[in-house]
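The letters A, B, C and D name the chains in turn, as written, and every chain counts its residues from 1.
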Amino acid sequence: MLTIRRLDIEDARILIAGARAKAEEIGVPMCIAITDESGQLLAFERMDGGKITSTIIAQDKAYTAAGAKRTTESYGSASQPGSPAYGINSAIGGRLMVVAGGLPVIIDGDVVGAIGLSSGTPAQDTQCAQAGIDHFLATRG
Amino acid sequence: MLTIRRLDIEDARILIAGARAKAEEIGVPMCIAITDESGQLLAFERMDGGKITSTIIAQDKAYTAAGAKRTTESYGSASQPGSPAYGINSAIGGRLMVVAGGLPVIIDGDVVGAIGLSSGTPAQDTQCAQAGIDHFLATRG
Amino acid sequence: MLTIRRLDIEDARILIAGARAKAEEIGVPMCIAITDESGQLLAFERMDGGKITSTIIAQDKAYTAAGAKRTTESYGSASQPGSPAYGINSAIGGRLMVVAGGLPVIIDGDVVGAIGLSSGTPAQDTQCAQAGIDHFLATRG
Amino acid sequence: MLTIRRLDIEDARILIAGARAKAEEIGVPMCIAITDESGQLLAFERMDGGKITSTIIAQDKAYTAAGAKRTTESYGSASQPGSPAYGINSAIGGRLMVVAGGLPVIIDGDVVGAIGLSSGTPAQDTQCAQAGIDHFLATRG
């Protein structure tokens, strides 16, 4: 039997709050998705003005980051033409996201969940996702 | 009427055992999928720590290798931009995998099934898939 | 943060072994799927002669039992015409199974995974799934 | 290693010819699908006037009959409200057909493929599918 640590819903709210604060600061309304460590949705918010397409993309970024235990951005470089993971972007019915904005949430070396952002540029999405994680880690003291 | 040779469940277990031994040796927990020659699932194991996203990808690598009678790695080069099979990675709802790690199992020139690995680098996935085949062929004497 | 207990791969093998032994006893080759508590595939075996359609159905029975924390059979009665869950069988792209044969694996009140069987009658599928669980619990002493 | 018998393309043409002759006789243009024993498409013809929706349904009837080794009609009765397989019609993304018109092709007790018809009433579909099998068996002497 394995013992797994997983974000709870209060953790998920804190992650969203951190990401949303940064999104408001840079003036980009975002879709923000939090999944557990198995990539299953825990919480989601579409800020007023967030993109419709991003409701799916944010979820899939978080799913990918949790399931593969790595940032979606890292898949972006690994899947360039000529690179080893080329073509993986269409795997799992296209759910495997290789665009930046999905980050695993890691505690003591364990992936306990993930956060995925979408609606801005991939750099903005990543910036806000990281802000969510930073805020979460700060509240843990 | 055609006569087809196909892996049985005992063959599938041997293939998994060989792949798992190599995965343990290199220290990478893997998802390991075995399909028959028609790409239908015969056996699967997710080693403790194997990636969630790889549960699907390993199966689809084996499906592709069996169905297309070639390694998924060979599709990787054939599907580069400008190459004839460019874009084929999103075929069949994204099930056609062009990332290395799926190998057909060939006996006397016939594809009798396939093995697909995922969770490591594509090179590690291929290494362990090949170890499964080597172990299987060795047990056949 | 939550702490979750989950079947490991050795547990999954024991569950399969128990189900397979019963399937052999009653002479019905089965597809046997084990998922973790999140419904993600851990292990699978198609016994020689198991049905092709059952490779998917067994997995989806386990997914449903884990994800909904109840037997698929219980959904069968709850989804009859006029009943509250009528029509739920086509939910999640048809993955939500209401045919008997999927059982959650419960330890100390927690769902830690699930087992799904398919190829026999729903009663046979359930019988063998239960045998897998009985064998697993017996090995835990 | 298993040895499997499977329809070849010439067998598939004979099955279609038999079904088509009956369809012409009763004046119903049909979609006719032949799969191998794993449910993978071998041959298909849409007679002039056959229904568009039936191009998919005929294939899925044959897939179901091959994969589950039984007629789709038998699933129709087994999946009525209150019956054990109630709700199975939406399994496998809705591919599992419980409407009559899909028959396994059986030689010496082995399922070697299947035939699926659609465009008429389920009774007409079954009649023509059976005519295909009768014609096929007659040509084998």
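Here, a residue touches a chain if its C-beta (ideal position, glycine included) is under 8 Å from a C-beta of that chain, and two chains touch if they have at least 3 such contacts.
By chain, with names taken from UniProt: A, B, C, D = Heme-binding protein.
These numbers were taken from a predicted model, which means no experiment stands behind them.
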Check your understanding: Can you give the whole-Å distance between the Cα centres of chain C (Heme-binding protein) and chain D (Heme-binding protein)?
Key -> 29
Exercise for review: Could you give the separation in Å between the centres of chain B (Heme-binding protein) and chain C (Heme-binding protein), each centre being the mean of its C-alpha atoms?
Suggested key: 25
Revision key, fill the gap. CA centroids of chain B (Heme-binding protein) and chain D (Heme-binding protein): separation to the nearest Å works out as 31
Revision key, fill the gap. Where chain D (Heme-binding protein) touches two or more other chains at once, the residues are 2, 38
Practice item. Counting only chain pairs that touch, give me the topology of the graph as line, ring, star, complete or other. Key: other
Practice item. Just spell out which pairs of chains touch, all of them. Key: A-B, A-C, B-C, B-D, C-D
Practice item. Would you mind writing out the residues of chain C (Heme-binding protein) in touch with chain A (Heme-binding protein) in their complex? Key: 1-8, 11, 36, 38, 40, 107, 112
**Study point:** Contact set on chain A (Heme-binding protein) toward chain B (Heme-binding protein) in their complex
**Key:** 2, 38-39, 63-64, 66-69, 81-82, 84-94, 96
**Study point:** Contact set on chain B (Heme-binding protein) toward chain C (Heme-binding protein) in their complex
**Key:** 8-9, 12, 40-48, 52, 55
Check your understanding: Considering the complex alone, what residue numbers of chain C (Heme-binding protein) touch chain D (Heme-binding protein)?
Key -> 48, 51-54, 56-57, 60, 75-76, 79-81, 89-90, 93-94, 97-100, 121-123
